[in-house]
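By written order: A, B and C. Residues from 1 in each chain.
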Amino acid sequence: MLRLRDVDVALNVEGRMRPVLTGLNLDLAEGEALGLVGESGSGKSMTVRTITRLLPHGARVSGAVEFEGRDVLAMRPAELRAFRDSDVGVVFQDPRAAINPTHRIGDFVGEALRVNRGVSKGEAARRSAELLAAVGIDDAERRLRQYPHELSGGMLQRAMIASVLAAEPRLILADEPTTALDVTIQAEVVGILDRLRRERALSMVFITHDLDLALAVCDRVAVMYAGSVVEVRSARELHDTARHPYTIGLLGSRPAIERRAERLTAIPGRPVSAFEAGPGCAFVSRCAFAQDACRASRPRLEAFQGGLVRCHRVEEIHEHSVV
Amino acid sequence: MSTLSSEPSSEPRTPPIPADNRPAIAVSGLTKDFRVADKHGRRSVFTAVSDVSFTVPAGGSLGLVGESGSGKTTTARMLVGLETPTAGRIEALGHDRSRPARSAAERRRRARELQIVFQDPYTSLDPSQTVRAAVDEVLRAHSGLEGPARAGRLAELLDQVGFDERQASARPRELSGGQRQRVAIARALAADPRVLILDEAVSALDVSIQAQILNLLVDIRTATGIAYLLISHDLAVVRHLCDSVVVLRRGRVVESGDCGAVLDTPADEYTRVLRASVPVPGWRPGSG
Amino acid sequence: MRNKKQGRIRAVYKWLGPSGTLAALFLLLMVLAAVFASVLAPADPNTGDLLNNYQGSSASHLLGTDGIGRDILSRLLYGTRTSLLGPALVVGVSMAIGIPLALLGAWYGGVVDSAVARVLDLVYALPGLLLAVLTVALFGPGLTPAVVALSIAYVPFLARIVRAAARQQRVSPYVDALAVQGFGVFRISVRHILRNIAPVVLGQAAIAFGYALLDLASLSYLGLAVQAPTADWGVMVSDTDALLKGYSTPVLLPGLLIVGSVLSLTVLGARISGERPEPHPLFGRLFGRVSGSGSERRAADAPAS
């Protein structure tokens, strides 16, 4: 349904082109939920912006972004608008920043219906109330008349999801939708997102820095580092059969809630961005298995044990760890 | 001998217990009211912290857990004297600190009892001070060391948090979030406090950096026997670092006890919801 | 050695930008003129030669002479002294009063801050020139009463911006951390807060210097501050006799120096306090529009996550 092939994106930073995504490949099947996990600078948010072509002025994009066989990068303005309005919906991290504070919740949720579908005002209000009920907001009639500041962060994020659903998109891009929320609220919001996605057979790209959360919400998870994907694997398998050294490191970095470990297996150094990476593997400076070959050339994302891994030494490392 | 224990999940790590056995922190009946005005100008009282009591034993580590509005940060600010309690008593190493310090000497003594590391590494350092200057300023005020002795202690502190000579000349702007948080830790340790309050000190960091800082904190505690009061919304981090835990909700204590016991078999309904909301392998959204 | 020096010059140029560097050079020239006036001036500024009045440019009088035959170049050079001394005193005194007030208000907040804010607002409401005219009416004309009056009038101009900047620092966690370290109000306010807002303070001081220069020149023009025989730009501009007789040089040159100084100080002040002009669509960087505050720029510099 969604295909990204060898996507390179560079942003104009004070006159200099700075790469943020390099050789990014992603595939999303109909009705699938794909998790996009990475630390700061990994380019996960830029991926969403690339798919919706919401990149800052002066950005340079190459490669292919295809949605149902249509080339998003080649779309003309009218076609692009139609794509953004009705095919894809974006749930942002901070609902308070993304929702116009001077509009009532009802206007916000019903906007897509009235403007894009030409639905009458009364009908839009009725459908909006249904949508709010679907995202678990009680007393929808009253909520529609309220302003954003009267709602809590969790409620606003639900309203945002409702507004996205109003356009009946087939693809939802959720960019850290619960990062600003408390843990208990996160569980509720994620639960709603998961249920609605299944009920309506929507595809979803779920972006988060929380690997455990991605594993719980998604069918497959892609781990990003320095502007490209380093490992893709089904969520069921990734936790126990991660193969890329970075993924293994990420899993070891998080303390477990069930038990207490003496030490965490921390990855040394700090996460690098795409523009800081050398000609070789971007992870080479932090990798315990790095060799000269890793510094010389960038590995490709290749199939390994049911997933995709971008590592020169993946087979050796795996055999070594099994022995 | 005890280090040979093969029990992988042995809960208590045993740092050297200081000779002085007075509790590091003893809080009883702590309450904080804020006067607030709504948009119509009507004044009311908002109780951020209500009748909170807990004890951090000398060399121990306690987690203060809660979501936004739980009063955990207000509690931390009262402990270090940035807010004055409305009611209740705070003692650190047997000294009362419920009221503002009355003299410069008392203020300095309090600084040597309790130090704090804040959440945001981007704003908790003076932007115009180099790493070395920031740590040295505290040493000059508290250590009583002069000349080479102080320089030695400075080098030791910087080394402890993984800074080399060159990096120590950098200003915060040139450092990453993780490095800044290391500086904040070194600066807090420079006063040689008996208790370190960590106010969401690892929450703003990338996962891989968070792990490095958590390891550092474990090492420091093993080496110095300092007591920790960890304030966090992250139950896994609390479990990793703390012996006991206090769960706060809307300014009140809902449950407290041994960290493992509370997280494995929560007694309170809210603690159960909190625990069930944490995504773990096999967790399904909506099941909590 | 040379490379290091060049590097430093380049860094200053990058910091100030083309317009700021130009302004700084102009002001440096003025300061040098004031310091070395007695060496540089070809003649005594106050001795006239009535037989040689309203002369054009010549070898003995590079810029000609005025109505009573005094050398214009010498009067301009000596005039730099009084013209810069007055505003320097005004800015110095108002900073000495305003900065402690502002820091005090920012630190304690609440009632103290409200009191500081009220006093500043009250003084701000009084026009500086009016206050100066009143003072002169009470104590007689002269530089001292004018400087005292303007110093008071300029306190809010400096203190308001310092207070705003210091309040921002006050709520910053690093200040909390210092307080927990046991440091006192004085040390934190001066060594940390003031140091961090120094660019804002210096920038505003430069702008205030420009305004004070203009105000004092106006007062001198009206005969209320610096008195007539003394060489001073403001006094020189008031030479209406020359204008009536069709000689513009004795008036035009000091006027240009006043305009140049005020403009330079304003440009430099804006640069120092962290405002960066956007390149102008027609004139490029030299006459760019000033837009965006310092904090916005810093935010834009931060690496995107």
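Simple rule for what comes next: a contact is a pair of C-beta atoms (placed from the backbone, for glycine too) under 8 Å apart; a residue touches a chain by one contact, two chains touch by 3 or more.
Only a predicted model underlies this, so the values are computations on that prediction, with no experimental measurement involved.
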Measuring centre to centre, with centres taken as mean CA positions, what chain is farthest from chain B? C
Comparing each chain's Cα average against the average over all protein Cα atoms, the nearest is chain B
Top-ranked pair of chains - ranking by C-beta pairs in contact: A-B
Measure off the straight-line distance from the CA centroid of chain B to the CA centroid of chain C, and report it in whole Å. 48
Nearest whole angstrom, what separates the Cα centre of chain A from the Cα centre of chain C? 53
For chain A and chain B, what's the span in angstrom between their mean Cα positions? 32
At which residue positions does chain A touch at least two other chains? 40
Chain B touches at least 2 other chains through residues none
Residues of chain B defined as touching chain C within the complex: 77, 80-82, 104, 107-112, 114-116, 118-120, 123-129, 137-138, 141-142, 184, 187-188, 191
Considering the complex alone, what residue numbers of chain A touch chain B? 39-40, 182-188, 190-195, 209-213, 215-217, 239, 249-250, 252-268, 270-271, 286
Help me check something: in the complex, which residues belonging to chain B touch chain A? 8-9, 11, 13, 67-68, 176, 178-179, 206-212, 214-215, 218, 233, 235-237, 239-240, 260, 263-264, 273-281, 283-288
Give every residue of chain C touching chain B within the complex, in rising order. 172-174, 176-184, 192, 195-196
